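Below, chain A partners chain B and then partners chain C, in two separate complexes.
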Partner chain A sequence: MNILGELALWVALPVAAWGMVLGFIGGREQRGDLVLSAERTVYAVFILILLASLGVVDNFVNDRFEYWYTANYSSRNLDIFYKIAGLWAGQRGSLLFWLLLLCLFSVLAVWSNKRKNREFMPYAVGTLMGLQLFFVVVLLFAEVNPFEKLGFTPVDGAGLNPQLQNYWMTFHPPTLYLGFTAFAIPFAFAVAALLSGRLDSRWIHVTRKWILLSWFFLSVGIVLGMRWAYEELGWGGYWFWDPVENASLLPWLTATAFLHSIQIQENRGMLKVWNMSLVILTFVLTIFATFLTRSGLIESVHTFAENTTIAFIFLTFMGSVVAGGAVLILYRLPQLRSETQIESFLSREAAFLFNNLILLGATFAVMWGTLLPLLSEGFFGEQITVGPPFFNRVNIPIGLVLLALMGIGPVIAWRRASRRNLRKNFLVPVMVGGVTGVVLWALGVRYGWALATFTISAFVLTVIVTEFWKGTRARARIEGEGFIPAFYHLISRNRRRWGGYIVHVAIVMIFTAFAAEPWYVEIQQTMEPGETTEVASPLGSTYSLTYEGMSTNVRDPDQNLAWQAVALLRVERDGRSAGTLRTEKRGYIRPEGQQSTEVGILSRASEDLYVILADVDLQGVVVDNDPAAQAATFTFLVKPLVGGIWAGLFVLILGSLIGLWPSAERVRSAATVRSGRDPFPDAAPALGD
Partner chain B sequence: MARNGRFMVGLVGVAAVVTYLIWTGVSDTMVYYLTPAELEAKIMADPTFRDVGVKVSGRVVPGTHVEVAGQLLHRFDIHDMDNPDIVITVEYDNVLPDTFSDSESMVVDAVVEGRFRPDGVFEATSVLTKCGSRYEASPEELANG
Partner chain C sequence: MTLLGALILVGVVVAFILQPIIQGARASLQREDDELTEAEAARRVALLALRDVEYDYHTGKLDQDDYRAMKRQLSAEALAAMKALEEDGARASIEAEIAAVRQGLRAGLVCGSCGQWNPRGSRFCGGCGSAMGERQEPAGSV
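What follows is the complex of A and B.
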């Protein structure tokens, strides 16, 4: 299996190259036979890469430590679940996994366009195969081959970092990677549009769902990462502005901008050059994020004697994509002219354009802050870093403007808003927002940014609820339906719009949760068993935490535990029992000497109580088993509204799925495709037929 | 064209505001990120630099970690990666990361942020450690382990 896996990787090299060449030549020469052949390489490379990935999984499952990658990321006693997830635990496997997902999406794109959009397919396939070829080359020649052998066979592997042995960590990277790789499809179609010269909105129409799918996975991946940090890093935070986090945020920001700007092109025929640039930029940022996430380039510059080959290859590739994209856009510039112009500042176009500028501003700020250590080292020979204070200072004002635009954009008129349009749509929401702000002020809220966030959130929510209400009422009246069927039909007739509004609600929820940060309570307390500490929540309730004592376990090879010290705390809220929390410290057998802290979280809709075993005399408790050594220091945190982030994720998933769901019209057109009629008679003749 | 001109003003306005935010943000919050050797050189050249807050990355010296009993006060040494003779003593009054260790059998790199006290001890406000999956073990370590 593993021999087969490595062999498959080598075979994929010429096949991908062949597919790329055939795609481009087939498109240029209008040769349907070549294009069909190129499309077959898409399927072939997918199967080859699947074999290679199975080879890596096989190495993990069967403890083949003669391989460098397996030896570094696994051990005999590792849970089978994490052995399979070993495919994306480290850089080498991740790159292969990335390629596997890219191949999977390429197959889906080719398969779903067998009989339509044929004018794009040759170049789209050529582009996708070019990308796949790049990753195969990286895997084989950039010193990151997951099948590289050590030259000897260690008795056991080094083990997986315990912080990665977490449920969320198993799903967070693949979800992000799904988002990154799904964006390759819109990118490939954009390149195909530029090469084929079909530069109307068709390529956007074709890839709209892909764009949304990519955005959806990126969003979910980012929030899952926050959840992982919250549970596993053990300090109660969920976002650190760490380079790796920032890297995943960058393509999300530009993809969000793109998701909005394509609507202007579809509705008003403007921003064609802008959209082409955004799709290329977002794609390059997905590559950049992939590269940065596992390379450790930023954090470890001072010890940076690592793999520079891969940095060179990736930077060259990103540079070529940007340069090639720029050349193509310049070449097609005459055909990318806007069909119309913006008429007024007070218009939906202007609101969307503003949203785009702001999102790109945020992208630039985050990128600048992330790359500052590298840039300052390069230009001044000294490293300068900025941390969370910088990112918060820049991004909080930007985020608030974006939040406000979520209330303005959906209801302001296209072209030019009349005074009547403004009054009709904004009078009530602005008043609701204003009243919310005044009431919160009267209640004693004095944090400026938080007050602004809550005020604007109330405005946005009122706009969205009013839109739903108006739409449902109008439909109920016109169609003579009850309110519930009218509401259902309203959404199903324009899933993209209403799904989008639901996503906006999710973003409001998440932003509101962020804004509660000034109210977070933190108390550190050293306690003997039996002692009680009271923690007051800013929302009014009081928690009494009684330290029940510490139980210890020694050496449990099945769980990979060298030792374990578990503190139990009885929790009462306002005098009533609210259960028991456990927080512990553990030492692992593999990796040897490594330890971790597990936190206890008591969640309610309004707030979380978060308990950390900060410090304990491990020698006394675990080794000497001394009952007198049970004194422990705890950190108690109360985090109001933090649940809004996770609840927001579910709303975001709901809204995105509504937008992604195939519409009735698309199901019908898919049926006509199966019956052999061309659903797009206006499209160029299918090359492959 | 007049309309487009107005939009250019809007565009330049947004760009100017974002640039302003970045510029003031960087100058107000930036921190030097140095190795112990670089920090020593900087203080030699300009003694006032001693009082500037910096981030320093070094390797934890095995066996130097001392914990004041009953408090969360930690003290340990880090040395320069290239020159083990340059050592900084760090004091940290909080919970150390789980991956921190001064054991002989482990190589732990720490990034400490803070400033020197008059007594020459580096008082850290944050300590990050680097090890584990992201910093892959060499095959030699595996063979010996």
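What follows is the complex of A and C.
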């Protein structure tokens, strides 16, 4: 299996090259047979890369430590679950995994377009195969071959970093990769549109669900990463503006912009050049994110990367994509002119445009802060790093403007809105926001940014709830439906709009959670067993934490533990028992000398109590097993509203699924096309559609 | 054993991807019938815009004056698009009629001299009396 896997990777090289060349030639010469052959390479490379991936998994499962990758990321005692996940634990495997997902999505795109959109397919296939070829070349020639052998066989592997042995970490990278790779499909169709010369909104129409799917996976992946940092890194935070975090945020920002700007093109025939540029930029940023995470170029808390020689190949590739994209757009510039113009700055399209500019501003700010250490070292020989204060100072105001736009956009009409109607529509939401602000001020809230966030959030939520209410009422009146069917039809007839509003609610929840940061309580306390510490929450409750003692455990090979010191704390909230929390320090057998801290979290809807075992006399407790050495230092954190981030994720998933769900209209229109009746019943001007 | 496996893998892949070229397979690279034509796309955009205007008006985002003006303009656009579609449709129906006559001629239902449609199995034309073609209705055609 493993030999077949390595062979499959080599066979994929000429097959991918063949597919790329034939796709483009077949498109140019309009030769159906060549294009069909190119399409078959998509299936073939998928099977080959699947074989290669199975080969890597096989190496992990069968403990073949003669392979460099297995020896460095696995050990005999590693759980089978993490051995399978070993495919994306390190740089080499994850590059292969990235390619596997890209191949999977390419197969789906080709298969679903066997009889549709044929004029795009030669170039889309050529582009996708070119991309796959790039990754095969990287895997084979950039010193990152997952099948590279050591020349000797170690008795055991070095083991997987214990911080990666966490189920959040198991799902976080694949989710992000799904987001990155899904965006290759819209990119390929954009290139196909530019090359084939069919420059209307068709390519957007074809890839709309792919764009949303990619955005959805990126969002979920980012929040899962926050959850991982929160639970596993043991410092109580969820976002540190770390380069790797930023790398995943960059394509998310531009994909969000793109998701909004395509609506202007679809509705108003504007912004064609802008959309082409955004799709290329977002795609390059997904490659950039992969590159940043997996090249070791910038040090970060993640530092799971080890090789810098692939930097050159990646930079060359990204440079060619940008240059090629620019040339194609310039070549097609005359056909990319807008069909119409913005009629008024008080219109939804103007609001969308503003949202795009703001998101792009955030993208460049984050990118600047991320690359500054690298650029400053290159140009001045001195590394300048900027920390969270820089990112917060720049991005908090930007975030607030975006938040406000989520409230303004939906209420402004397309084309042109009148001032009188704006006044009428904004009156109630602005008042609700204002009252919220005043009440919070009266309650003693004095943090400016937080106050602004809560005020704007109340405004946005009021707008969204009013939109749902007005839409339902209008539909119920016009169609003569009851309120519940009217509400259901309102959403089902225009899933994109209402799913989008639900996602906005999720974003408001997450922003509100961020804004609670000034209220985070942090107390450090050294305690003897039996002692109690009181921690007051800003939301009013009081926690009493009683340190019950430390239990230790030495050498447990089944769990890869060299030693373990577990502190137990009894928790009472306002005098009532709220259970026990455990927090521990661990030393691992493999990798040797690796330690970690496990935190204890007590979650409620309103706040989390977060306990860290900050310091303990390991020599006394673990080695000497001395009962007198049980004194330990704890860090107690109270984090109000932090649960809003995770709850927001579920709302975001709900909203995205509503947007992604195949709509009844599409199913119906497919049926009517076959029966020869009106294929576009969804274009009928029914209310709420 | 390994070599044999490798050869089989390479052979299968090469045969799979070359088959369409060797067989000279045909595949369309053109826009399909069920995709939007220019006129349909224009009608669709106009109807979508009308839908939005309607929605914005009923939820109080548009003034009555603006609503009327925009509705008038958009309805005109939609009508123009529909007219273009109808012309497309008319052209298509003429072509369909011509095709039907050709089919009838081939099937021996249409008189070659005067163009009269005759019942199946007629030996002489009911319009001009000339003899219908030797060919009678071929089996299975309607």
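A few notes on this one:
The criterion applied here is as follows: the second predicted complex is superposed on the first by the 658 of 689 C-alpha atoms of A that agree within 3 Å, B and C clash if a C-alpha of one lies under 4 Å from a C-alpha of the other, contacts with A are read in each partner's own complex, and residues count from 1 in each chain.
Criterion: contacts are C-beta pairs under 8 Å (C-beta built on N, C-alpha and C of every residue); 3 or more make two chains touch, one makes a residue touch a chain.
If you're wondering where the values come from, they're calculated on a predicted model, not measured in any experiment.
Within the superposed three-chain model, A:650 lies out of touch with both chain B and chain C [touch as defined at top]. By the touch criterion stated above, A:111 is placed in contact with neither chain B nor chain C. In the superposed model, A:33 lies in contact with chain C only, and not with chain B. Once the two complexes are overlaid on the shared chain, A:331 sits clear of chain B and of chain C alike.
Contacts of A:121 after superposition: chain C is touched, whereas chain B is not reached.
Of the two partner chains placed by the overlay, only chain C lies in contact with A:474; chain B stays clear of it.
Within the superposed three-chain model, A:361 lies in touch with chain B and out of touch with chain C [touch as defined at top]. No residue of chain A lies in contact with both chain B in one complex and chain C in the other. Listed in rising order, the residues of chain A touching chain B in the complex are 68, 71-73, 89-90, 150-152, 154, 157-158, 160-161, 163-164, 234, 294, 296, 299-300, 302-303, 341-343, 345, 350, 353-354, 357-358, 361-362, 364-365, 368-369, 372-373, 382-387, 389-390, 393-394, 397-398, 524, 526, 585, 591-597, 612, 614-615, 633, 635. Listed in rising order, the residues of chain C touching chain A in the complex are 2, 5-6, 9-10, 13, 16-21, 23-32, 34-36, 40-41, 43-45, 47-56, 58-63, 66, 70.
Contact residues of chain B toward chain A in the complex are 3-4, 6-7, 10-11, 14-15, 17-18, 21-22, 24-26, 28-35, 38, 55, 57, 70, 72, 81, 95, 98-99, 101, 103, 105-106, 109, 111, 130, 132-137, 139, 141-143, 145.
Chain A makes touch with chain C in their complex at residues 3-4, 7-8, 11, 15, 18-19, 26-27, 30, 32-37, 40-41, 43-44, 48, 115-119, 121-122, 198, 200, 202, 267, 269, 411-418, 420-421, 424-425, 467, 470-471, 474, 478, 673, 679-680, 683-689.
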